[in-house]
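Worksheet: one structure, shown below.
Naming follows writing order (A, B, C and D), and every chain is counted from residue 1.
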Amino acid sequence: MSTLTALARARAVASAVAQPISTVRHVHVSDRPLVLIPLALAGEASAPLAAMVGDDPGSARLLVVAQPRNRDQRFAFAAGLATVILGYIDTFRSAVEDASSGADREPRQRFADAPQVLVPNRAGIGFVRLLGRSTRFRRSDGEYAVDPAVPVLGRWLTFLAERAEYPGSCLLLAATEALALHWASGQSPVEDLNLAALLGWVDPPSGMTGPEAAAAAEDPLTCPPAGPATDPTFDNEVLAPLIAACARADGDAAAHRAEASLRAALSGQLTPTWKLMWRAVGLLRGLPPGGRVAPRWDADKDAFTGYVTYLGEGGPPQPRRDSAVAAARRLDWLERAQAGYAIQRALDDPLVMAEYRMTGEAFAGTVTAAEPGRIDGTGRRRKLRPLITVTTEDPVRIEAGTVLSTPGRPGQKALVVSVYAGRPARVVLELSGGMGRALIPVPGSVPEVGDRLCYTALSDSYQRSWPFPAREQTPWTHGGPPPEYVPADEDASEVWS
Amino acid sequence: MDEIERTIERLRAEVRRAAVSGDRTRARAMRAELREAERAWDESLARLEERPPASLGSAPVDQPGPLLPVREQVHQALTLLGTPAAQRLIIAVHEAFFGSPLAAARLTSLRRDEERSFRAAPYSRPYYLCTALTADLLAPARGLLAVSTWPIERRVIGPLSPRVNYLEAAIRVAESLLRMPKPSQAAERLLRRFAANIPGAADGARPKDPHLVVAAAHAELEIHSAEDGSVRREAAARARARLDDAEQLFGSRMRVIPRTGTGA
Amino acid sequence: MTAADVPQTSAEAEAAEAVAGVLAGLAGLATRRGPGGMATRDGPDGLAGLAGGRHRGVVVDSPPGAGKSALVVRATVDLAMAGEPVMVVAQTNGQVDDLTDRLALAAPRLAIGRLSAADYVPTPRVLRHLTVSVAQQAGDLAACPVIVATAAKWATLADGIWPWAVIDEAYQMRSDMLLRIAGRFERALFVGDPGQLDPFSTVESDRWLGLAWDPMQSAVAALLRNNPGIPVHRLPVSWRLPATAVPVVGEAFYPFTGFRSGTAPQQRRLEFATRGFAAWSADEPIETAAASGWALYELPARHTVRTDAEAVVACAALAERILQRGAVSFSERAPSGELVTADRIAIGTAHRDQARAVRSQLGELSVAGVTVDTANRLQGREFDVTIVLHPLSGRVDATAFHLEAGRLCVLTSRHRHACIVVARAGIPELLDAHPSTEPVHLNVPAKFPDGWEANQAVMAHLSRHRVRA
Amino acid sequence: MTIEARLDHIRGAVPPRNHNARTIAALTSNPGCARRAIMDAAGVDKQRLASCAGFPAPFGQSQFAITRGNAFEAQVKANGCAELLRLLREGLGLPLPEVSYADLEEVGGNTSRELRHSRTRGLLARAAASGADAGTLFDHPLLRLAVAGQQVYLEPDLIAFRLHGQFHVVEMKSFAVIDGQADGDKVAAAATQSAVYVLALRELLAGEGYGPDTVSHEAVLVCPENFSNAPVATLVDVRKQLTVLRRQLSRLEHIDSLVELLPPGLTLDLKADEAGVAGRPPAELAGAIRTVPARYVPECLATCEMCYFCREEARGATATLGRDVRDDLGAVETVHAALGLADGTLDPADDLAEAAAMLQVAARLRREALGGTA
């Protein structure tokens, strides 16, 4: 949260409609995302009750568990979900593209595109994670055999859920979070967790204000929750009788009738959210993508390609918990990704950069003086070191000696020579790089008086990561090397009830 | 049809509103209407399919009706266990060793029926299904059924008795399993559940050997039986002295300040 | 702290004994190196806290100013003298340079290596020692029995094994950092202050909670959870904190262990060369602080932005006034008193922008040389007088950040003589209204002291030294 | 008029709502809210009140969750707590003989609370007195706790368990522990509830002359493991929760200071008829409620039955946007003021000057980036 976003929320309240907090889109939106809306049975760790899933707004697939406490029916559900999701994933495993980046690196290929799964909210991601956990260790043989597709589904769901922790990854997204990244509503972040309410603010139905739409969205009767949790009164007054009816249905016809009305009721709970999901997709598509969205999606494609290969080589399922080394390594990845993602968004989006200008870590202003031809003769050989003075209204909190750069001129460094902090503030910068080899700068390579520029210490230049010990070299301080994973009977037999 | 469908939708909504606003009376009324509408819906559908409507509450077809009256079944199970037991266990035992499952619904009223019939005509039946008695107050022990022909000692529940009964039951189950030519899955599962909670009875996740369970249970029994026995004998004596026949079977409902309490 | 070398008072004796105990423990471990240099056999019973046996490390908890650095230096020198090459690990370049300096002074003939990153510029206090050589490759320092570097630098080494590591500020090091350097040593001495700020991460993730090797916890926490037998010693005496501060800081931040003051109540005094005027509002608080060791300078209640101008001005004005009045500190070091100069005064804040605001305010008063920084950066530092902008001052409600016990502990335990806390009125009410909604995680040891409780305790004490603006 | 009498009058002509560990634990969720403190002290049925005032709370429990919870508890306690005993043996090293079991749910078929409580008291006192390590399980002990000066009974869903001279609280919850982790908020709630029981147990035993250490600050939390019904036990340290609870309970002791601020004769009575249908006009009721100051924050939406009412009342306050937002708006109280300051249409009182400066920079930066709009 920041003052800019807070102000946007205040404006949203006043103008009764959500306010933009970005000028570009920061998430990748696939041409063919898979929308997944799971419902879980109240009171259980991850007992699927139903799911609406599909990559075509026109045709939703509804999966229902008539007896959520029945183990076989749960795995039947998992198998059903597997056919949809694995089928979807498979469609991305044909087309490849060249991914050999950098002159030195040997040519490399990756899949030309990757799957993108959209769930309504963070809890939906949690459900994906748990369903993955409860299925990935299953076996298709032995006493507790399940459909061979089930453990594969489990691994993919786990892969997606783990990827969703990775800042900037878009393989698995929560609609509410994707929206909240671009719009500030006039309600609290807690209330933004409700997809319908948030969409109500962002894009109120005609004839309604944002707050009106949000209020309507809070009535579980007119607007059922987006899951995985269901509304208690629906459970008690509608679901329970229908499930009971299925249980005592006498004969195929009755069973069929009972299940039909159960499906009807659940479909009634899911369809509104299904529509909202695709509306959200439309809204996001409407935003122009930021320049660094595509490169980030490439990283997702790499991850996808990597996991396909891993599965192909028969790698074991993801462990229950990270080992000491795996944990440290993952934390390192996450922290780098976090930093990189924050900076990339700032460089892509002046409104995000404004957050840094607000805190004084960046400033934007006009060049009021320039010595493009200045030569630094102090060193052994003379160097071209132009000086420019930038005048800005921003609260500059950068000390002299800091090295800055500006989004438009990646190759050029700017050393802060002096700062006259005041309103306006004046910052004198010494430029180096990006001006050609000669002692005279290439035309246009030095900002001219009147140019408007934004300078910041942020840079997404790559910092190298230092080695971690190998798993089998886990030091004594961290419990020594962990045992290798061997699939145990319990993994496969673990009761799911 | 659509008419009914709309009614159902409307009623569902109203019931839920009533439930949220905590207006129980209204909710109850609406709920009744709703169920009625749903039944109507079901029947009309059935009529469309020219099939008899699902008779509500009827047992699923795949389960054959009980061959014996329920009290006989319970008696069977209790006799096998040889200790007072709760519904869940009785049902599990019956399913494991006598095939047919027991309808829990029928069990709930059982104890009351038995007491009524005993008070009406004492000892006119070979046995009655009665309660276990709490050792301190000789009151009916919650949820435990026993057999009238057992000595009171066996029906008394002292502080250690639940555990002792559990261990004895485990032994009996294991032994009956050994006697079976081909134990049922259910029986195996039942033994497994017992073994899991008796130290040393389960080697690994699934015990294969009933003998192990018997041995382990006996080992733990050793520790408790003496103390438990004396409590039971003392209580039984008190029961014989203080309680009339009916009370001896179905427990005293005297409103006593507990002998063991310090009082309010 | 060198006072601990020649025991005089009972406190000194006690402290010296504790240090001796640790060193004995190390010696015990050192002498029990088996073939291959692995210390794995059980220790003889006599050794302090080593009854557990089979452990390869010792932890020493040190309350503020209890001679942690002195211990690090002595342990390092002792081990090196006993012929055991030592890798010394600190967390920041500043800390590394300080240690290098102190080591070189303590053992003038000991060759010390200062291992550094490429962009490191050696500081004067490192350069002045001929026995110290600076290099970027460990290989270039092979001749040095003692090599000092930041943990981050040590983590870049892929090989080499030192029989001993001495790890300073171990509670500020993160578990994942320890994981990366632990391959470089066989046994280690971990020294740190458990009461200070925990290491933090820029990412929020629950996925490792409950694991003994959670990479986000402190190195010591990970070490102890994975090696429960490891002995933990405590330094019992604070030489920095005056007798007036020890009970407060001890009760609030070290509730289970506590510690005592190395100086008697009257040994530390603060007097002013010039008299104040009742009119001048900054005089009362500094006089209260001089007399009792504490003052709460309370501004009228108000909800403010983080950089509350009045509070900022007050902090700067107090520092200025202390200098104007020519404060003189009397202590065991200077029984006849010494002038409290600007470099002996610090102003501590919770946020960087607050520190910036105070700095520029001092600039306008043209007061130079006073240290102004956030709690994170004041860790391990020592001053005569500190002025603290209370983290909760002017806030509508508290957050985990502002409540963190370590933050307040650092801010209120840097001083040798007096601490003046500047705050808006209403903090106790704010604390009472604070909802306790923090999640609880299974198998994660509850963190003590609890920030909410610690804040209550400190405010309760400060209210006895309140001066209203 | 005594404080009790005033609270009774505020509540109106209905018996006070029973407290239980959950409601007492809830006292810590927004202790700054006088409205909630008073209603809880008076035992007002907030759910009913809110809906009669036209703002029914979004709460309710699914029968599936309830069934699951009961089934799990029943299973763990079946056959003299056979499964629980195994967990205690494995987890706490309970030795073999320590297995006696006392059911306190009823006394000789009698379920009167006084009787159950005195019996609980008796048995626990006896256990505490017996030097022998009587490792007994006490099922459903009925405890009491002083809340706002009144002794309230705690409908217990726990087992007290004594080992090595110390009582432990055993709490059964049906949320899952998966690979050693569980929902942090649910565990927190469970921990606070356990703390309530620890407090009540300590109070009871103090009455018998035993010190607080007689009851351990480590509660035993029993939950289903992973996706099965198999229970797993975890020790939870509830010291923090204990301090918080003690403090909030002691503040409720001084509820009178809050009550005195209310208009005399204030009542939240619903004027319900025999059928329980409220007869009091919602508007009038709402008016009465508003005379009790509230402190709404969005977190209330998850914890308090009055939340929708208070949220509506707080419209336009920056607090409704969340703590962080209000913070980032420089603690300015209303949205109107924040925007006024940002746009310079409202000239700031000196205590808002800094907030205004900050907001104006923010407004300018947004204008620059978005071009005129916003």
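Going forward, a residue touches a chain if its C-beta (ideal position, glycine included) is under 8 Å from a C-beta of that chain, and two chains touch if they have at least 3 such contacts.
Everything numeric in this text was worked out from a predicted model, so none of it was measured.
Closest chain to the protein centre (all Cα atoms averaged), using per-chain Cα means: D. Seen from the Cα centre of chain C, the chain whose own Cα centre is farthest off is B.
In terms of their C-alpha centroids, the spacing between chain B and chain D amounts to 35 Å. Computed centre separation for the pair chain A/chain C is 39 angstrom, with centres defined by C-alpha atoms. In chain B, the residues that reach two or more other chains under the touch definition are 19-20.
Residues of chain A in contact with two or more other chains: 220, 231, 233, 236, 321.
Listed for chain C are residues 211, each touching two or more other chains. Pairs of chains in mutual contact: A-B, A-C, A-D, B-D, C-D. Those residues of chain A that touch chain C in the complex are listed here as 165, 167, 321-325, 327-328, 330-332, 334-335, 338-339, 359-360, 397, 421, 466-469, 473-479. If you check the complex, the residues on chain C that touch chain A are 56-57, 155-156, 158, 175-176, 178-180, 182-183, 188, 201-203, 205, 207-208, 211-216, 219, 222-223, 226-227, 353, 356, 360. Taken in their complex, chain A has these residues touching chain B: 220-221, 231, 233-234, 236-238, 241, 245, 247-251, 253-254, 257-258, 261, 489-490, 493. Listed in rising order, the residues of chain B touching chain D in the complex are 19-25, 86, 88-89, 134, 137-142, 158-163, 165-166, 169, 196-197, 199, 220, 223-224, 251-258, 260-264.
Of all residues in chain C, only 206, 209-211, 302-305, 307-309, 394-397, 399, 432-443, 445-446, 448, 450, 452-453 touch chain D in the complex they form.
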